[in-house]
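For clarity, chains are labelled A, B, C and D in written order, and residue numbers in each chain start from 1.
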């Protein structure tokens, strides 16, 4: 089978780099175009990028010419682009992604701009693949030939992968989550070292709103032309800590009925979804890995589990009314590029690309 | 007035050092004796200690001879010891502190060993100074001439200073707290750099139990010969982060009635206690400082507020049923040595020393 | 005596903040004006600044209105400005500082722009106060009513304070220096956490050139209208490490004659200069403090020695041909604002302000 | 071919873990025995170890029973041990390694205990494979049936790989090296976080002596029954920085003749040795990788080059008399376990095992 030809928008940023890193040698996708901001346009990718994911960037990609982020540039790139992965900043995504969809491009976006729109699917492939049916609603309503599917905020993806099986098997009334998020979540220059060395910053702009809102849509029921939000409350308190990669979340969850640790553990470990059944290339064997050690998960050790595609849960504790646990996920893989690529893989398998 | 002569037990550890640092030049106290583990006994303090609180230790203290930790050694130190501050490890405190009290020494201890005993006061001077009346119960019941008063666990002191005014003015049903604790809380060698650089450890042995249990005693009502525990539930999840000093706590609190941010702020800022009224030397002007910036409190910036004796609150948010806020306290000052010395100051003012 | 009225240019950056911090309550100086970049002009200082030097900025300064950086704005500030401290970026200093001097302002600058000009003094008050005579040359040659005196690059100040006594008493042929520099040296946003956490960056733009060139001018002999550069070679290799404040330098120095450790130590400890003789307010008791411990100096412990105005030397080792030692200095105090203020104090005492 | 059966001594420490990590799935070696200190003896390896090299230890190794470190225990392990890799602490190695060699075991040791003995080869396979001939001298002189070959100190291996080609092609008179070493070099608990967060420690016990002495032996000429030390001087200044893995060294080298940057680069890049010619499994394609970027090498990015077996050089600068460059090596791979395994591979190829 010929590989699906993909473009990566915003390819020089940290999430863009992670897209390229995961797409290098991918069995299903071939990167044929990369775009970035005006000051990089026209340069070779390797000259436009400060590669942060290892000693050197994947060889062949370095020679790609950086294009402008526009339908025109993508059409003129020399070959048909079958699928577009977007790592654009939200303010730019808001303008460009609808234009691209209108012009027939199929976009899987990591940007937050369109996530909460009624006819835009917000998808974690293991959790709500059926929401992809909103694509038809979107195309019909907007008259688009292409479409935009969105991938959730990093801390949302990580949390929601654990909420889904608990909601299905036990029921959830309320969730309190305190996050300890890595600096990579803010991009290469997002967190100055002066701000975070020997420190914690108890605030991330917009993060709590996303983490309180997005899971309700993802966990919601598809109902004709929209999603009925799930009926649970999420309250969040988000912090930046001095960690390079890996978001750790302290979860207090009020279940619908009393449970014991063993049941919680079994429910989480037993969780699998469509990506596992279809054996998608980037799908982890288990999306939720449970560890029994008293001091896990830890960002530096556990962010590489399943190449960053599984979340790792530990310290499950049950009291009268609340379950407590810690969950760790790789914010740039499962929390960003990896989840978006998994959506792409699913779209291909479904024949939508 | 002559200064009160004090001994510091376990003086070479981090908390012991902080005691000496805070007692150097103290208007009320004079350090006349220091004790440490057998390998330090007989050395001069400056030769037995790796001083970590600045370039050099306070001059005159360095020449004190390190004594054995025993009633006998304290009696033989060359002058009457009026008050003993203990920074002993819990396992040693459990043996030695009762011996000392039996022999007539008055001990204010930072160790956890005796904290939860019915007749041992566990005191934050702004919160429950009246619990010091348990001293009489303790002396009568045990036949001690001296006594032991205890200072709470670091994360407890910090949290409870904010709970007290909220309980009194608004009422509290339930508290969920996720801590991000500094490495100094584990002592000089407690957290290897290999464990914590670029990492978070989601576990601190015994910490959650203390943080769930101690506030109920501190906030409880004195009733004849014991304390009736306060009726609120605390659930904790404790983490170690890569910060040198300063514990940050993310609090979710269910109040007894609906409140707005402004009221919470006013209640916290208005809080003061006996140490403020008596203008004790180490008492902060306000025990709880509230900051309005969206990204405070931060450990590196706020751990020095009021020389580490005030806790700093920020990010107060109120939803339907829960108040959320962040509180930061200096774990070795208000969370340990500073609170103990404040107890000592109060005991002196009350004529108990 | 009335206080000398000073302005601080570039007051919102890290060095600017350090100027204000050191000038708050200064016995000789009173800050009457602050300037910053256009986006801050017109705001109150406290609203224009993210204060990084502690929990809160010094009270009265916060209400100063931020002015434009220009002669006109300084003249219009409401009172005579007797002395100007500049923490401007070099590119702006290059334009504005000569304009100010021309218009009669007396400027002590931390910027690198004019440091190497023949008629601009580059001064460490303990090392080459006599170079201030270049002010006359400067005023005559350029027709300026005011003047510009410059303070050296941070790593230069720290190194050169140790070179001066060694040059005078022993003689120096060659110096090899490898620096480990703090992130504050690059300003608040200069070093992203993604770049430096769990890392070292073996490059600081322009730093090695400055460190190789500036000491030769500072240690040179004043000869009529210029400085004869000192005849020694400095080779540097500059690195950024994950430290907030405090530059550590590993020095290999080839002396003119064979020496023993004790002599080196004695020479360094015995060093003092005009600021010590005049007892200038910010002068450290000893500009070079020598420590005997095998593992000092250390940035976190020693950067506060003498309020950051002394450099701390340790690990002096002598072999056949080379002396090795470590020197630590506070890069934002002695390496920037503190040294500049000390120049200002000296200028006042000399009657030049 | 049957795999060579190996034992790893001191297998629970950081270097021991790295041995197991590199030996898992090794084409030439099979781990059949592991030893550790008395408190671990009898446990399964996975229960005795806090695995630090990733989320989980290599599967089959976890079930090995931990043995005592003695000839008797190794003989009783259930199969013939063909080769022994030692990650023992030096004090224990000094006793046990000679015993093992006497009893016929062939030992490749990472310990420093025997490195400088006249008849013990100290080997970097690319630099001085011919020194392995000392094995015969050793066996004859001591009457051993087995032997001990040693691998150098971490900072030595890294430096010496760059010195070898420069010595051969250009000539070296003198080397000044300032190291910035990772905390993993001191073992899991070696560097407390209190010591190194926001800090640098300018001292590592014994390190400078090793780094000044070992290269002279490694670069020396084999002459009958001993090695004539190379005639060059090395002066070192060793520092610990807040980096998990990867030692960075700032080198000032006085060559025998004047050279240009391009020649230095060519000489370093062109270097290869016996492991490359024999294509040993762990041999890097090039032992010295040169990077042209102005800010490389960096520990976090470059420590994984060639799985940690290549050293990375950058910032080559030539002045009149000195060459300066930075070199980075993975201290636990090329600086410890990796170099030792490469020696083992070479011994097998030479028929000595």
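As a working rule, contacts are C-beta pairs under 8 Å (C-beta built on N, C-alpha and C of every residue); 3 or more make two chains touch, one makes a residue touch a chain.
Keep in mind that what you see is a predicted model, and the values were worked out from it rather than measured.
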item	value
Labels of chains that are neighbours to chain B and to chain C	A, D
Chain separated most widely from chain D, comparing mean CA positions	B
Chain A and chain C: spacing of chain centres that average the CA atoms, whole Å	47
Separation of chain A from chain D, taking each centre as the mean of its C-alpha atoms, in whole Å	41
Centre-to-centre distance between chain D and chain C (centres being mean Cα positions), rounded to whole Å	43
Multi-partner residues of chain D (at least 2 other chains)	52, 197-198, 242-244, 300-301
Interfacial residue positions of chain A with respect to chain C in the complex	14, 52, 183-184, 188-198, 242-244
Touching residues (chain side chain A, partner chain B) in the complex	176, 178, 180, 197-203, 235, 237, 239, 241-244, 248, 250, 252, 294-301, 314-315, 319, 322, 324, 326
Chain B - residues contacting chain C, complex	52, 54-55, 197-198, 244, 300-302, 304-305, 312
